[in-house]
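Here chain A shows up in two complexes: once beside chain B, once beside chain C.
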Partner chain A sequence: MIRILTLARVVWLDVLRRKDFYILLILLAILLVALLSMNVFGLGGVTAYVADIGLLLSWIFSWVLAISIGCRLLPQEESRGTIFSLLAKPVRRSELIVGKWLGAWSVVSVATAMFYVLVFGVTMLKGWTLPIGVALEAIVLHGMVIAIIIAAALMFSARLNSDAAATLTGALTATSFLLVPRIPEFVAEAGGVRGGLMLFLYNLLPHFEIFDLRMRVLHNYGTISLTTFLMITAYGLLVTAIFLALAWVAYRSKHFARGSLSGY
Partner chain B sequence: MSGIRCQGSKKLVPWMVILMVGGAFALSCQIQARMPTLYRSNQRSAGEVLLGESRLGVSGYFYEMADLYFHCGVRHEHEEAIHGTWFQQRLSELRPNVHRHAAGKASREILAWLRLATAMNPHNVDFVLVAAFWLHHEVGEIDIAQQMLKDAQVANPFQYEIQLERARLYLYRGRVADARSCLDAALAFWPSHLAATDEDARMDRARLLLYRSLILEVDGEREQAIVGLREILRMFPERTSLLERIETLERGDEPALLGAAVWNNLLQSEDERSMLCGSVEADEHIHGEHCNH
Partner chain C sequence: MFSGMDYAIEMRSVTVRFPSRGGVVTALEGLDLTVEPGQVFGFLGPNGAGKTTAMHVLLGFIAATEGEARLFGRDVRESIARQRIGYLPEHPDTYRFLTGRELLDATAALFRLDRRTRRRRVGESIEAVGLGEAATRRIATYSRGMMQRICLAQSLINDPDLVILDEPTGGLDPIGRTDIRKIIGELRDRGKTVFFSSHELSEVELVCDTLAILARGRIVVQGSASSLVAPGERLEKVFMKVIADAEEERT
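Moving on, here comes the complex of A and B:
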């Protein structure tokens, strides 16, 4: 466990050094200020649109951050050659995978929580009322999505270079966000072989739509039941575990040779 | 020796880059300062510069968000081929699906989305008309609605729909002369971008003529009012109730004051129709794609 935590700490240091998160936070702040400065026909007290767009941007920025961090962790070790010194230590490859995942997940989750704090803080200053309970649920479930994205990124980057892994992770997660929730609708129009293929994808790909509580937060519909919350969390953990297991399977027998890693 | 010369030229590179960037900046400032006002007033909006043509898609998204906020976050139901999957069950627990409409402060939030939609695409007249409707009916700001319509007319110079809406707002305020000039302008612009045979355009022309006839009647220009009503009858012969009205006007029986009462009823019934939910169920129902708001 100590080894996993040490690896996670190294990820934190690396991310903080690169300053990706600060840039996104500043960008979000600028966009929120620009939105707040918009004149809505001279009407006061109209703030929900700022919270809505702010939360949408938080989802997009956390997605970008999760992919960019998750996909470079393993290839970076290989391109720098530090993988040799790392594997020379008593660290198992499974621990390496889990340590990297834990570090990336925790740092992106904290960054996302800060995005939420910024969005909620700014809109509350303008008079918006925050439903705290459902907002906390939304942050936790968003954290589960980040866990899945980073696990998928690690799975792809276990065998591919960072660019290819980022592309595939981006395509997979974008499909899960945008296409998968609408498959039941498309199947009605498609039918036949196409419909069957879509159903296969519906059951195969992760479902991110059940983690999205933005509408409940924005329209103040109150918290979801504990049973539902736990079921969704368990689903998130299961998908994350599957991706991490696949990452480990891909990485455990990977052979590293000096001189062949410059392409990473 | 050549190595020293090479190092010296390398040191010069950053200075040259700074000099060139500085020079380009100074030149651009000079050019901008000397530009005639004519070109500067023709600047594109920030949204246009940032997003290009994709702003049209963004505008559509904002309009959909306005609709979503109108229904308090309840999405339109779509026909689905599979039902009752584990994911759909969880979604039904997460997403509210009881049909209700935004009211009070929540209804003002819709205007923010409409403002964004019109800012992104000022040439979509439907967005402008919906925003004007909401400003009038939910916020009670007729003057702001009128100003927004004036701005929209600048962006869409010959769209009769904007003049029609402006006329209706003036009628609500009792500014009959202003309404009349807007209706005259709308009739001059008609059918704008639509074909003269288009059903919506024909219906709108009939509305324009009806409002104008009522105003003419009140102003004592009975002959002109009758001409307008006859034109509606030519377009829609099934509207036989107009025959009665024409006969009454020809006889001179109708008191002129009744025209104002008729257009007030007309304004209200039109607006009530705009607010009605197309489906006939009671207050709470699952919102479907055939729910025609």
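Moving on, here comes the complex of A and C:
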């Protein structure tokens, strides 16, 4: 465990000390300006609308951060040449992947929690009453989505360079978010082989929509039951574990040679 | 077939082939190599002879196509085989966003050293490579020589029984080279095994007690330095002759 925690700590120091962390500050500033500018358009009184925009931006920003950080962790070890010093230690490749995942997940989760604090803080200042219970559930389940995205990023970047991995992770997660909830409608319309294919995709791709409690928070529909919450969390852990296992399978037999990103 | 004796390094019939655009490249061919504990072993060869590939097999970066390799009797494919190993890569680089001290502490943690031992080993390693106060600065501010030193300190943090050095003096000034030579001498005095490759034959002559010369993925000569280099003769001359003979034999 100490190796995994050490690798995660190095990810934290990397993000904090390199210019990447400024991205978070810029995103926070954009979010703040966006929320405060609602008054300019005379919408300041509609606090639920402000919260809606703020939460949507929080999801988009955490998605961007998760992909940008998650996709570069493994490739940059190779491009810097630090992979040689690292793997010369008694570190298993599975530990390397889990350590990187833990570091990236924790740093993006903390950043996302900061987004939420900002959104809820601004909207509460504008007179909105925060439904604390469902808001906490929303934050935890958002953390599960981040866990899945980073695991997917590591899976793709185990064999690809960071740009290709970011493109594929972005495509996979955006498709899962935007398309998957609508697939049942398409299946009903298409039928036959096309319908079967869509149904296969529906079962294969992660279902991010079940983690999204924004509407429950905005309209104060109350907390979801503990059983449902635990089942969704278990599903998130399962999908994360599958992606991490695939990342390990791709990485465990990878050959490393100086000057070659993908080895030979 | 392994001997059963715990050599520091034991490679048996190791062949490494990898696909290339023009077909298959054989980087190592049936390499047999043993290094006994306590030896300072010079691993020589021209560019492309397979020295770095052999080291990468030993460290588990690449898998042998055929044959097996062991470190202190343990299969190199097991991560535990690297518990007693220190490694300084050619052109070393590391996490430049860390301070030297933070890097060494993190490295020590990867060896599962407890906090007290980590603190002691970090101090000793910094002293051994002469980094001093610079250890509290970010590595991004280090010169090339200081980078080499911190990476060397990193390779010594676990007090390894075997230190593998790939071109350790490459790009260093004369003072840096002298320091590396001194560190190798200290390791030998403490009974450690040092396995290193170098193009600096004059350096090799000064520190090695055993040599192997590699050409086209095969060991063509191996023996004690005194048996290979006659009194009054230079290693460079022996090296050139051995490589020329190997080329002639091949053609």
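We adopt the following convention: the second predicted complex is superposed on the first by the 233 of 264 C-alpha atoms of A that agree within 3 Å, B and C clash if a C-alpha of one lies under 4 Å from a C-alpha of the other, contacts with A are read in each partner's own complex, and residues count from 1 in each chain.
Throughout what follows, contacts are C-beta pairs under 8 Å (C-beta built on N, C-alpha and C of every residue); 3 or more make two chains touch, one makes a residue touch a chain.
What you are looking at is a predicted structure, and each value in this text was computed from that prediction instead of being measured.
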(request) Mind working out whether A:Met215 is in touch with chain B, chain C, both or neither, as first, second, both or neither? (result) first
Check your understanding: Which partner does A:Leu199 reach: the first (chain B), the second (chain C), both, or neither?
Key -> first
Between chain B (first) and chain C (second), which does A:Arg92 come into contact with in this model arrangement: first, second, both, or neither? second
Handout entry: Touched partner set for A:Thr82, first chain B, second chain C, both or neither
Key = second
Touch check for A:Ile224: first (chain B), second (chain C), both, or neither?
first
- Touching partner for A:Val64 - first (chain B), second (chain C), both, neither: neither
Where chain B and chain C land on the same part of chain A: residues none
Within the complex, chain A is touched by chain C residues 18-20, 52, 56, 59-63, 79-83, 85-87, 89-95, 97-98, 102, 106-107, 109-112, 138, 151, 154-155, 164
Interface with chain C, chain A side, in the complex: residues 2-3, 5-7, 9-10, 13-14, 17-18, 80-82, 84-92, 253, 255-258, 263-264
As the complex stands, chain B meets chain A at residues 65, 68-69, 72-73, 78-83, 85, 87-88, 90-91, 93-96, 105-106, 108-109, 111-113, 115-116, 119, 135, 139, 141, 144, 148
Given the complex, residues on chain A that touch chain B span 38-43, 45-46, 48-49, 52, 181, 184-185, 187-188, 191, 195, 199, 202, 207, 209-210, 212-213, 215-216, 218-219, 221, 224-225, 228, 231-232
